[in-house]
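Take a look at this one; I'll ask things after.
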């Protein structure tokens, strides 16, 4: 069942340690088959070196396991909620990458201070508020999805234009059209957090890039006037700057 | 004698350089057989690349060498003291990992500012006071154990719930049910120190996570209502977040 | 056509990930044949692991592709402008290396605070102003070259003496007599940015090195009285300090 | 001539990139045969991957090359001066390791804030003043040695007890009884600088360790009452903490 998607999700999970985004097993990736209404997610707490494509768990959009011998990631309700409310996304990744977590712990957005950020994120990456005691005790992982979606709605942010978020006191989630692209976005998020941290220590001047620079970098790569890359398969994956 | 435990302690020691927790030989791990009242510890000052399982030294709870050709770690009296006073722990690790040492040099607790910390440590990791001149001159390594135990008693902290400490001007100790789990905790401590350092530079706002978030993350993985992982061997080791 | 130069440019591009100067495909290197008035540049958005010397694109000094099946780097107009105005340079590199980008985002020069900097850069590395809305919308990449050249002219800096620049809100460009030397300079820039960042956090005292130290280190390695290295092929490449 | 010493110096040089202490060729190590009054030093500007033991250059205590086809390191006069004035040292290393250079650029001592530092350095590592214009123009490298020796004399520091120094605006030098031990000390210096940097950012409280802690850690490993290690060959090299 969904063997190709399992392979894809497996490979995307295995990229996390390779890209220095996880310590131990602290990350998970999923991807969805929108036609079938099913998504594939990493099992809970299995070390990367032991994981196989067949360990991936298939879950439906009510969060129920449809296939798989192992428990799915304990963050599965967060993934379910995001797939149900961000209708265009195809893959989700959660990590505890340390620069992004530092901003989440400080309850700060990651400001768009350079083109490295703007090539992927059309504006600041928002930091959603911490869950309340009630939200935590009632349904922790599901409400983690809820505070994310609520924050995007409240600020009027398009999740395709800003494909990542921080949750206060917790850490980053990123997404994209595929699992692979979600992992790519999670790495850009970490690099952008590292750069913005240092920028904020260097100066107290305003460092947000202006709207017209955001526009330029976003539309250089998105939409009908995009002119970056080869417009063919060779450059499709991970070809953001050069 | 205790060949399995020697192998376990050897392997846990060899993880320290692999996890970037030590420079040169600056770390040591031990583990105890509570039934026999004996523990196994790394020899003093032997480079990791030359170390063999049979080099491990067997020590009793009076700190006397029972078996082994090499001198045990010079920190052996600290380990002895901790095993005698923290009755439930099975393994201990000491390193000079740089983020944790930076907090120890600043004589500051590592604050619980995110779930990365809270998944392993049920509250701040305390920084025990520096040893007095008398404590240093009388019995330095033994008194290092003593200031740790005294600080946990003074603050009423359960060493199973917060399995690590800093000693002011010196560095971190971590422990756990096994040598392997102690090393895991030492790594989480280092990552948590790195994150909290950056958090403290980003903001002067209060960043401690609330008690109910500590409760949620601790009891998600500990005690009878835990629901994280696979509840089987495959996920037992190092499966803290996903 | 220009097979040797393609090989050289290919190898210089492949050094970028090896020297930790790029994430994903975020860098590009070119080199020029001044006699023919043609330069060779990396194709746009091709992952390093898939790239071959024959993928390199040949471009003339009007920025027109002369040979190659792939699109050249989208930053080609910047390279073209720099080759046309900095007549002595033979190779150019652009990266998003994070320490240099942090200074660019803060719109700050990288100050010459130590001999590590002064051995390669005869003074501060300037940060050129951010492009205006008009400059971005009219001809973004070409105007990136223009703000660089204008800033060197305005300050009266010799591009051979200070072979690198930051562009505000964007990142670093470096150059040199060859592609290989340009990559070398890009790495020194990153190390120098890292050092100066930490220096600026340690103290608010003046930390610029004096003019006579700049003179000493520059003329120790450049011009007729240079006495560094072996004056033979073995030490020619990358022999800046010892 | 001095083939064993050449091998030793070669191996010590090759450790610099392995220990992350150098970028490109930016480091040099030498060692002296006190009986013959000759020292062996790395050639100038030769990449590590091309270097052979036979490339090492033999120099006398007047700084004259006695054997070798290549130019010795351009820092040779600094080494000569140090061997002539610090009579007990057997090996010297110079690097541009970035944490140490950051303190040198800030013209600050590296404070002894933890036992990681105190196990190797019996007090702060001093930052010698920047060379004057006259000192630079007359005899730059020789006067670099002179400001080091003068600073140790002025402060009354024993170079065996504090085997390293920073030179303002330049960087670190370390030494020891052998080339290998000098490289060890250079690595401890870098780690200690990293820790002290972070300590100084965490707190404005006094963080120097007290004299009695310096005494304890120094005499635990030095002199007739030392009790660290195995007192045999196996633990002789690099066995400072455990």
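Letters A, B, C and D mark the chains in the order given here, with residues in each chain numbered from 1 onward.
The rule we apply is simple: a residue touches a chain if its C-beta (ideal position, glycine included) is under 8 Å from a C-beta of that chain, and two chains touch if they have at least 3 such contacts.
Worth saying up front: this structure is predicted, and the values here are computed from it rather than measured.
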item: For chain C, the least number of touch steps when starting out from chain B; value: 2
item: Shared interface numbering between chain C and chain A [over half = same, under half = different]; value: different
item: Most widely separated chain from chain D, with each centre as the mean of CA atoms; value: A
item: Between chain C and chain D, centroid-to-centroid distance (C-alpha), Å; value: 33
item: Approximate Å spacing (C-alpha centroids) for the pair chain A, chain D; value: 46
item: Multi-partner residues of chain C (each touching 2 or more other chains); value: 201
item: Chain contact topology (line, ring, star, complete or other); value: ring
item: In contact (per the touch rule at the top): chain pairs; value: A-B, A-C, B-D, C-D
item: Chain A-touching residues of chain B, taken from the complex the two chains share; value: 113-116, 184, 187-188, 191, 194-196, 198-199, 201-203, 205, 207, 209-210, 212-213, 216, 220, 227-231, 234-235, 237-242
item: Chain B-touching residues of chain A, taken from the complex the two chains share; value: 23-28, 42-47, 50, 70-71, 73-75, 94, 96, 98-99, 101-108, 130-131, 133, 136-137, 140, 169-171, 197, 200-201
